[in-house]
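Take a look at the structure set out below.
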Amino acid sequence: MTTLRNVQPLRGVWNILATPFQPDGEIDERSLNRLLLGVIAAGVDGITVLGVAGEAQKLNQAERRRVLELTAAATSGRLPICCGVSQDGTRVAVEMAQEAAAAGAIAVMVAPPTFLQPGPALTAHLRNVGEEAGLTVVLQDYPPVNGVSLTPTQLAQLADAVPAIQTIKLEGLPTPQRVAETLALTGSSVTVLGGLSGNFLLDELRRGAAGTMNGFAFAEVLVGIWQAWRAGDVDTAASTYFRYLPLLATEAQPGISIAVRKHLLQLRGLIDHSLVRKPGPELHEGVQKDLADTVRRLGALDAFPITDLQEARR
Amino acid sequence: MTTLRNVQPLRGVWNILATPFQPDGEIDERSLNRLLLGVIAAGVDGITVLGVAGEAQKLNQAERRRVLELTAAATSGRLPICCGVSQDGTRVAVEMAQEAAAAGAIAVMVAPPTFLQPGPALTAHLRNVGEEAGLTVVLQDYPPVNGVSLTPTQLAQLADAVPAIQTIKLEGLPTPQRVAETLALTGSSVTVLGGLSGNFLLDELRRGAAGTMNGFAFAEVLVGIWQAWRAGDVDTAASTYFRYLPLLATEAQPGISIAVRKHLLQLRGLIDHSLVRKPGPELHEGVQKDLADTVRRLGALDAFPITDLQEARR
Amino acid sequence: MTTLRNVQPLRGVWNILATPFQPDGEIDERSLNRLLLGVIAAGVDGITVLGVAGEAQKLNQAERRRVLELTAAATSGRLPICCGVSQDGTRVAVEMAQEAAAAGAIAVMVAPPTFLQPGPALTAHLRNVGEEAGLTVVLQDYPPVNGVSLTPTQLAQLADAVPAIQTIKLEGLPTPQRVAETLALTGSSVTVLGGLSGNFLLDELRRGAAGTMNGFAFAEVLVGIWQAWRAGDVDTAASTYFRYLPLLATEAQPGISIAVRKHLLQLRGLIDHSLVRKPGPELHEGVQKDLADTVRRLGALDAFPITDLQEARR
Amino acid sequence: MTTLRNVQPLRGVWNILATPFQPDGEIDERSLNRLLLGVIAAGVDGITVLGVAGEAQKLNQAERRRVLELTAAATSGRLPICCGVSQDGTRVAVEMAQEAAAAGAIAVMVAPPTFLQPGPALTAHLRNVGEEAGLTVVLQDYPPVNGVSLTPTQLAQLADAVPAIQTIKLEGLPTPQRVAETLALTGSSVTVLGGLSGNFLLDELRRGAAGTMNGFAFAEVLVGIWQAWRAGDVDTAASTYFRYLPLLATEAQPGISIAVRKHLLQLRGLIDHSLVRKPGPELHEGVQKDLADTVRRLGALDAFPITDLQEARR
């Protein structure tokens, strides 16, 4: 066990990085780098790699290392990195967390192993991962991926039992209500971040969330809401949220969330291909058309042009 | 078995009627009647009673009959009625369906019994309910209430095997994509309605939905979207949907949906008390405040005043 | 709220009464009475009516009352009665619990409402049911019926928060391990009973269970194991359990448990028809044959003849 | 895509190999080799590595390769090998399947990716894995690990759509009934194997199962039942099954199955340590004691001495 070298709670807008692929299924490193530039330019506070939204569970070990490496290189210390290490075994999760620490990550994100209900085994898992890597643990509460629903009481108990947990990424619905209930139990030592493509960001902030961690394709929108909110400008936060909610809601749909996101990232020119690794649903042709129409109606591409990245594309 | 006397698919906006309660927990018949007038005035195409959103599973037999009776009296034939008869036993469901038919309902809504996966037993259940009552069956696909996830293939197979099923209320996410996939398998003999408080109504219509059946507190919004859509005025449909999406999304949150809805209905003056029968989460005080603020920012109360119902309130 | 008039923890073998039906689906009262005589003659310590195994959720209100009434009449105070009142609404559950109290039941069995995870709402539900009826509450932990998995910690917290809960019917696997973990947290004020057709009865007793509550078709076997165990005769308890385990295991299978049980009860002559109310799987013809063969190999019918009930059959 | 070089359905008793660990958590290769000798000596028809019961999901890539390599070396062609390649991503599963083929495996075992319900995406996943590796696919139906419940209809549809699927490992309860229902739909081109530690082996065979694939600690028992059954000696099959059912049932308990199994393997002397990788429940001390007592009462250690392996232990 090493000393915890960084156990500060996370705040602000953390982008969960998508992993772009080439048509043949290989990681598209050129797109990954462009996407990183785009995300950094959007003004996010941190980058999370190898989350569910990064399709980490569909990457092999070498590919996971490569994504982490490329991200560390692209940010080169300008932005903090959080690395997903959700695994069904403690030992493998610890290995991955140690690799993340070695690559410069300051936090790891951990969801409960599949179907592991709260109890001593889950507590020990989270504790071991944090302690062995010496990093802050972001506890991810996202029932669809592991079948584990954590109540606010259980979230608070875990945060209390595992000092490394300083941030909870709360994605069990209804999130604003549960943010309030959880913070009432954890006190001020822990931050709660929303997720779900920012679908409930305004109300999560109103109930005390310290930001959001998600991969919404227009990170600028999340940054705009967060910065307005933090500056006390609720009107701007609300109007920005209201304006882009059609896209937030569309992207938040379970089952096709990553496909929608990559389609939007491709429309923006941030990645070359919208391919999602198999197995995954094909985005219905009509749904793609509707998505493009919604983007058009909202004027989203014009609002957030990516011309500044032209250079990076070459 | 009686002859199917009405097996027409449902279309348009069907309101799932909330059941208002007094502070002591008794059904608030005065509010129920006022709410019915409001819903009818909103221009809906039909009314669904005793759905999950009507808290049917928290009513006793006498109360369920009373709600049906009051609704039939208030509509007096002006609007068609669909009656929820989701039960874990076929015999009891048939009894309820027959009572619904006797009270004048033209359709029954049936979700699969708790945890009953598709197979001969589920098919027989749905067939028996429809045939014994001689009514159209609306097959409800809403995994959170019964733990049954139906794939588009299974929905189409059930509709094919049970002629009484002419409408599918599709609420398994992602709904627009699944509406498209389901309609591709069912052909034109079956309609698909959305639900989920109208959270994805625009995209459901774009993918072929024939309307929606849900209890959103501002039924006027749903009617506005639907009528514009049907008239080919996509711009109005889209702008109306975009404008009120913050409320649609807030009300659609699983776990607190009915509480949010009743809070909104009370804000509008359509019911006297927002009480939800136990057990159920209390709407967090802060969440109530945020909800009121969102209503104010959208100008929803002014957009849909209920002055026309003053008379009815006396 | 009435005073708790009976808050003693339950012990011993409690039979969950099957509800026999005629071929037309009506309750078969003659068989019900014969079954009651058989169960009483088997030497059980109490009878539980209107459990899942009694198909309570497939009975209407009048039928539920009738079963309770017939059971009270047949036992006429010789045996204590526990009545299932698992309902999704508190108010309806309270009504049923009060009816049970009026009919002479000394306990009610309550499972968490469908998908209601532990929290203040569940605690209040259990408290209200117990207090309003003034009866002991048997907290049923049986995930397959409601989608709620309670950890030992949560079971102990509920028992602590709700004084009326003095018995936990623990049916979440693995039961012997969880009996031990739960009792380590609850102390001596609460008893834990097994269930699951007695499939793990020996090991549940070894880990501290105070008996079992289930509807296994040969209640005599459970009584034999329990009485030997209580008398300190572990060898007899173990050998009896080992001998009949093929039947215990067969009957414990989720999905067809009640069908297997009724088939066995019919083989024994305790009920006239093995009909299970719809929807429910038909017991495969081959499975029926195998079941009869297992009964024959174990000599179960000869070991527990029901000749003493001949009189009652007339 | 390579040509399917081996698409024969599996039959008989296939042992799912446990992965033994040293106290420090490293793979215990000496125990693994001894266990392999024991399993081969027991007379099994094949060996399955890297299943859930082999804790594959808690091994890293190098460890998985090592287990496969050691097993191939120990069997050196005397027994066929099936290799688990259940993964959430198709590409990674294909890579693993190809490695398995290269190492000499003749089959791969694949469970649906976590929460991936049947549909085109699941079909494509299974097809790709089988075709790219050119191996028979054993479709694993085991809901507890991935949240996917496949109905007999869905199992048959998958086997029909994916020619590489020639064997179904059916572990969704109730297994004997579902074996019958599935075989009625698949015809004779597909075999069905049971699992679940052999807890229902007799009745699965009676309903048409072609054997079983599981890791029960006394593989000799399974072999004894299977060989008697195949020889038409139902009496011996039944009496052997009945005699050891207390151990089969105990080991089959979800949540602690692997811990019970390793405890038994250690009692037998087949592995040095019963350690299960974290996270996992500790086997309660009392449960360990009860287990030892049951082994003693059944005389299992004497019935199946492992003296023949003394040499191998050195």
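Residue numbering begins at 1 within each chain, and the chains themselves are lettered A, B, C and D in the order written.
Assume a residue touches a chain if its C-beta (ideal position, glycine included) is under 8 Å from a C-beta of that chain, and two chains touch if they have at least 3 such contacts.
These numbers come from a predicted model, not from an experiment.
Path length between chain B and chain D in the chain contact graph, taken as the least number of steps between touching chains: 1.
Distance from chain A peaks, on a Cα-centroid basis, for C. Ranking B-C and A-C by contacting C-beta pairs places B-C first. Rounded to whole angstrom units, the spacing between the C-alpha centres of chain B and chain C is 37.
In terms of their C-alpha centroids, the spacing between chain A and chain C amounts to 47 Å.
Contact with two or more other chains is made by residues 119, 281 of chain A. Taken pairwise by the contact criterion, the protein chains are fully connected, each one touching every other.
Chain contact summary for the complex, chain B toward chain A: residues 173-177, 180-181, 199-200, 202-203, 206-207, 238, 241-242, 245-246, 249-250, 253-256, 281, 283-284, 286-287, 290, 294, 297-298.
Residues of chain C touching chain A in their complex: 117-119, 149, 151-153. Listing the residues of chain A that touch chain D in their complex gives 25, 55, 57-61, 87-92, 95, 113-116, 119-122, 124-125, 128, 144-147, 277-282.
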